[in-house]
Structure formats: structure tokens, C-alpha cells
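Encoded as C-alpha cells, here's the structure I'll be asking about.
Naming follows writing order (A, B and C), and every chain is counted from residue 1.
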Amino acid sequence: MNTKRAGLQHFLLRWSGVAAFLLLWEMGPRLGWVDGYFLPPFSTIVVEIFNLFADAYLSVHILVSVWRALVGLLIAVLIGIPFGILLGRVYPRTAEALSPILRILSQVNPFSLLPVFVLFFGIGETAKLAVVAWVSVWPVLFYTMTGTRTVDPVQEKSAASMGISPGELIMKVILPAALPTIFVGIRIGATITFYILIAAEMLGASAGLGFLVHNAAMNYQIPRIYAGATFIVIFGYLLNRALIFIGNLLFAWQENSSTTVTANATVTTPSWRPGRLSAVAAGIALLAIVLFGGIEVDKVNKEAASTDPGAHSRHFGTPVDSGSGN
Amino acid sequence: MSTATDTSKIEIKGINRIFPTRNRGKGDGPREFVALKDVNLKVSKGEFVAIVGPSGCGKSTLLDILAGLAKPTSGDILIDGKKITGPALDRGIVLQGYALFPWRTVRQNVEFGLEIKKTPKAERKEISNRFISLVGLDGFADHFPHELSGGMKQRVAIARALAYDPEVLLMDEPFAAVDAQTRETMQDELLRIWEETGKTIVFVTHSIEEAVFLADRVVVLGTNPGSVKDVLDIDLPRPRHNSDIRSSAEFGWVRHKVWELLQNREVKAEGPHGYGPSVAEAISSSAEL
Amino acid sequence: MNPLPTAWHKIAAVLLFLILWEVVPRTGLVDPLFIPPLSGVLDALIELYRSGDLLMHARLSLARAYVGLAAAVVIGLPLGLLLGGWFPRIQTATEPLMELFAQANPVILAHIIIFFLGIGEVAKTFIIGWLCIWPITFSTITGIRTVDSSLLKAARSLGLGRGQLFVRVILPSAAPSIFTGLRLAAGYAFIMLVASEMMGGSNGLGWLIVQSQENYNITRIFAGAAVLTAMAVVTDALLKLLERRLVVWDVDVNEDYLKLKTASGEGP
């Protein structure tokens, strides 16, 4: 009971900052401390978010953005992990020689690449996916290299003592041992990606969360800008939390992650652990999102192109109201 | 067994191991470090041999060579009269740092060698059950290493090394990381397992007491260069586990004898080369896999 | 294993990369319209330099990035020190808020920022600074939080006062983590610099790139991108050098990416 109360107190304390900020946001415009036109009170924003949901457009934009982030990230993972293993373990001397180039390339600004990709691939999905993949491939690659290099030598030694083949050593020892580190790279890639993607969508897209905000701004729908931005913040926060949660779930086996039982302790039944079934389920879900998301994104793009060729400044599917707002 | 002429299971013939060292500064010190010099030893089938020596005497290097993880500069290791060429499943190894795979459960760890051996799944499970039970970890099969204590982890490591049925078990200071009480329990357990399985065991330790308690013979290595100083037969009665043999006068006497042998060598180790044991340790631990 | 050959390997690898950059577009393996050969990019660079545009834009961009970064340091570092060192309860209370703030993409808010601050330099500094503050603050808090407690005990037993303890023990111990955050922030500064210059204004390398894109002048895009990359790389190298000077005890200065693990746990 006591710990429960302490937990509640901690929870309240933790979120008191957010509460105070939101209160300030609500009161500021209402009491006339700031111009309510440029900064509408928070409650107006909440209503606007619900409006966006009710219009069913928000879900389309979410889907489009998530699909882009996911596919781009998948590309980055499919490139980054194999190359990370190759450079980290198989050809360490090559990796050493390549390190300055990799470092310089990883510093190439994604926004300065965007125009190149747009010229290269056109304004469609490929340019955005290329930017997303470019941004997230570096953390995945570097963390894979680091992770595969820092495997406990004692583990490798004991596997080697059983006469393990080099291929098996990578699949059964090095890869699993490096996976937590690789996952950190993927998580960093995912968060940076989401960030850059939203920005890229503002610079040129016909759907997606970034486009939503950009479009609202073009039409001077100020509450909608805030609503979109707030939603993106919450979404990004939840995404980050979810990835941390998944990481903890997957890598609960890490040494410092939980208490130990002693020989004379009662045998406890292990709590739920992700097994083969959940891995398959996750894989199928991922595939489904990529496939159906792709079909949906294609549909959205075609629709946008047919209703409004040339310009990309109109909100997908909304009634044309850009003329009235200013 | 196949070569009926010789009863020795392991034969170590004239092993030398020399590490090249970087010549720091302008001093004209030795360009190489002799970790092992002309080591010869025979181990019979089913024998328990302990190797003791001060740190840096090359005992871990010797074990690595036995495991096939390191190559001697010269000399041969014969097992059943056949020269070894590298690591293989005829020798199991247990290392000081447990070396368990933390992402695998106890059972999956024990089955690791069997997977490499491509043993069918059903058979694997049957074997792992048997060895988990042998080391006294019934009910912990589905636990992960991080949920186990140090002693339990070492039991898993022993079960893993035994599971693929090697004839020789090589142990490199396996109990160095566990507390004193657990250590004694583990020594008792090891003797029980040894008697049940009849494996040939080569056990490296720096604890004289441990060596005397466990082994049929104690090989005393000296430092710089690492070479066999003496081999002592331990004629203490068996079974020794679950007995108070450690406090007997006989035990104390044997212990003292080994100690004297080691002391003797230690004095000489302060020789003209000026290599401290730490240098030697650093070299031997960085030996290539 | 000798240091000299690896240095040569690195130089050789860079040269090989540059040669490939020149040769591959020339042979037509990739369309030189999209990836122009190195010489073309160099020509564009020289031309930009001769006209004086390059220096003008680069100087402005560099100043913006550095001012934004400096603003972030001036705010983020003391904030991290105060929250991490003195006011743990306030830190707890503001942690989720700061995490949410760190998620707030200034590019999305650009329109709103422009409402309030106009399109000028203040808005750009704000956009850059906003993103840079969070890695600095978070890594400072992490650095202070993870100071070895036995070190603190030992120092206190020597009779060190609060101020002394802070200057002599806590700050040096936290320094590696703080530097990790700084270098992360420096990377973000250049990313946001380009984004902010693309959003509006009439100068800077980001603007130059957008201009070149509109004129289909690909060599100029590459020239601008190359200068930006060089600025980011040099800045990172300078911070690394500074770190090596100040943090001599941290052995693994080279393993940057592993160290990022701690700082980016909460970062955007």
C-alpha cells in the first residue's frame, strides 16, 4: 500500500511539469497574456485534434508517415546490419581504412541531400524513402559495428572451443550478443528518421503528418498547426517509449536487467517472454503494414495527383477552403 | 583406446610457446617472451590432474593450447595418440567467466554444443535434461543466466561442457569468481560429477588447496619461463567430497609441500629479465583465440 | 598493427573514394547529371569562391550554426547542472515535459515561430538552438547522475566543500557525458541550420542549395553540401580535440558511438 502511494506520488510529481505547462498554455491566451489568435488555448487544440481524427484524414496522414518511416527504416536495417557485421567482424582492417569516409558521409546533411534525391527520383515516395534510409542507415551501421566488436571474448572463446564454424559463430554468438546494441542504433535511427521525415514532408509532399501541418500553415488554420504539431510530439514521444519498451522486453536477458535467484530460492515460473510465435506475429504485422500501407499510400498519391495536379499545397481530401482563410 | 600401446589419454610433448614482444624504448631487452618452455606431461584416461602455478606461469596458455584455441610455437598435443589440430568436441572447456550466452536459457546454453554437433532436437532435449539434472539445476531449465547466482551459472557451464560428451574436460580457474563457501560446494559437486561420468579432467587453478583437494596429481608450474617444476601424486583417499579431508594433517602436509615448491620458484622469478608477473599475465590473456 | 600503415590505408581509401567520384560519373555508370564528377563540383566551388558568394554564405551559415549552438550551451548546460546536481525533485517534475519538448520538431513549428519572431536571424537561432538544448541538458543530467558514488564519498571524507566537490569531482566526472551531448548537438545544429535556411531568408548555404535546386544547378547543390559537410566534420573534430584536452582520463574517446548510447536515451 505504501509503495503504491509512493509510486502515485512519484507519478504526480513527474507529470506535474507537463500539467503546469498545459495550464499555462490554457490560461495564457484566455487571460490575454498572449495573442489568442497566434496561440490558441490548449483546449481549442485538443478539440482540433479530435476534429482531425473525426474527419478521418488524420489516420490517413499517420498511415502515410508511419509507412514512409517504417519502409525507410527497413531499408536502413537491411543495408546497415549486414554491412555492419562485414565491417565490424569480417573485414576489420577495411573498416579501419574506411572509417574517415564513413564518418564524413554520415555527416552529410540530409536536408542538403533532399534536393538531390528529388532530382534523382522525382518528388514521389522514393525520394522521401531515400532520405529516411540515408538518415537512419548510419546509426544502424555504426551501432552494428560497435556491437559486433564488443562481444565478450570469453563467450567467443567458449564457442570456439566447440569447434564452431565462422558462419555459425556470427549467427549464434556475435549477432545475438550484438543485438541490444544494434537495437539502440535502430531506435536512434527511428527517432531521427521521424524527425527528418516530418520536415521533408513539409518541404514537398501531398500527404503525411508534415504535409498536414504545412498545409494548415499555408491556409492560416492556426489551431490546426498546433493540433498537428502537438499530435506529432505525442506520437514521437510514444514511438520512442514503445521502442524502449520493446527493447527491454526483447533484451530482458541482459545481465543488469533483473534480480537473481539463489539456489535455495523457490523456483519461480518465468514470466511471459517473447518467443518464436510472437516473433512471427510481429513479422507478419510488419509485412502487412508495409504492404497495405504501400497500397494505401499509392492510392493517396494518385488521388492527390488527380484532384490537384501540380500543386502540393492542398490538404488531401478536405473541402477546398484555402481561398477563404486569411 | 584405439592405440592400445599407450594408456595415456592426453600426451603433451615438448610444448613451447613464445610471444614476440614489442621492444619499447631504446633498451636492448629480450624481443620475445617465453610463456611455456618444454612442457611435457601425460594424463591417463579418467585421471584428474590439476595445474597450479603463480599468475603468469602460462597455465592458462597451456590450457588454451590443449583446447586447440592457441597454437604452440613448437611441440605437439596428442589425444588418444592423435595429434590435435584445433578445437573440437572431444574436449569440453569451462572458463572462469562462466561464458554463458545470456540470451539463451539454461537449457539452450546446455544444448549449444549439441546444436553445433547437429544432434536432433528430441535427443538434444533428453540430453540437456540429463545434464541439467546432473549438475543439480532441475527446475531452472527455462531460466536465463542473469536470473542465476554465480555458482549456478558455473554449474550451467559445466553441464554445457559435458553435454556434447567430450572425453576430456578442461577447466580454467572455473571457481575463481565465486565466493569461498560456494567454491567448496562446487568442488564437492565437481568430484561427484567426475566420479559419475569418469571424464579425464585437466583443472587449472592458482589455489593450492583446490588443486590438492581435487586432483590425483598436481602439476606445479614455475614462471619465466613457464615450465613444469614438479609433479606430485596426491595419495589422499577417495571419495573426498562431503568429507572433512581439508582439515586432516595429511592434507595440510601435501598442501605445504606444493606451497614450498611454488615459493622456491617465486624467488627465482625475480630474475634479471625484470618481467613482472603482470606483464606475463597481460601477454597470456591477450593470446589469440 | 603499426599506426603508420593504417593511416596510409585511410588516406588511400579517401583517395580511392575521390577517384571513384571522378571516374564513375565520367564513364556513365551513374548519370553525371545527378551525381556530377568531383572535378565538376570543384569547378563550381572555385566559381562560387571567385564570385565571393561562397565565403559570404558559408560565413553566415557557420555563424548561425555556432550562435544557435552557443545559445543552446548557455541555456542547456546550466539547466542540466542545476537540475541534475541541485534540484532532483524539479528534475523529476520536468523530465517528461522536457522529453516532450525534445520531440517538438522546430521545423513543424517554423510557421508559428515565424508568426512570433519573424523570418530573421532570431527565428533561425531559435530553431537551431531549440533542438540543440536537449541533448546538452540530458547528457549533463546523465553525467552528473552517474558520478561514481564512492568517488563522492572519498572526496567528502577529504573534507571537500560543496563548491569544491562540484568543481573538482562532479564536473570532471560528468565531462565525458557532457561532451557526448555537445557533439550530438553540434550535429543537430548543422541539420537544423539547413532546414531553417530552406524555410525562408535569402542567404546561407541552405538557401544556396534550394536556389540551385530550383535552377537545376546540380554541381552547386553538391558544392554547397560539401562545404556544409566539411563544416560539420571540422566542428566535430574541434569538439573532439577539446574533449581530449580537457578529458584526458577517458580512454575510449574513440568509441563515440557506444557513448552516444547514454546520451541519446532521452534525446530526440
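Here is the rule we use: contacts are C-beta pairs under 8 Å (C-beta built on N, C-alpha and C of every residue); 3 or more make two chains touch, one makes a residue touch a chain.
This structure is a prediction, so every number in the text was calculated from the model and none was measured.
Visitor: So what shape is it, when you link every pair of chains that touch: line, ring, star, complete or other?
Guide: Topology of touching chains reads as a line.
Visitor: Find the two chains joined by the most C-beta pairs in contact, please.
Guide: After counting contacts between each pair of chains, the winner is A-C.
Visitor: Based on the averaged CA atom positions, which chain is farthest from chain A?
Guide: Using the mean of the C-alpha atoms as each chain's centre, the farthest one from chain A is B.
Visitor: Hey, how far is the Cα centre of chain A from the one of chain B, in Å?
Guide: A distance of 49 Å separates the two centres.
Visitor: Taking each chain's centre as the mean position of its Cα atoms, how many Å separate chain A from chain C?
Guide: 20
Visitor: Measuring centre to centre with CA averages, how many angstrom lie between chain B and chain C?
Guide: 51
Visitor: Which residues, counting only chain B, touch chain A once they are in their complex?
Guide: 67-69, 86-89, 91-93, 95-104, 112-113, 115-116, 136, 139-140, 142-149, 151-152, 157, 164, 170, 289
Visitor: Show which residues of chain C lie in contact with chain A when the two form their complex.
Guide: 6, 9-10, 12-14, 17, 34, 89, 92-100, 103-105, 107-112, 115-116, 187, 190-191, 194-195, 198, 205-206, 209-210, 212-213, 216, 218, 221-222, 224-225, 228-229, 232-233, 236, 255, 257-258, 260-261, 264-265, 267-268
Visitor: Where on chain A does chain C make contact in their complex?
Guide: On the chain A side, the touching residues are 10, 13-18, 21, 38-39, 93, 96-101, 103-104, 107-113, 115-116, 118-120, 139, 142-143, 145-146, 150, 181, 184-185, 188, 191-192, 195-196, 198-199, 202-203, 210, 213-214, 217, 222, 225-226, 228-229, 232-234, 236-237, 240, 244.
Visitor: So in the complex, which bits of chain A are touching chain B?
Guide: 152-164, 168, 172-173, 176-177, 179, 251-263, 267, 270
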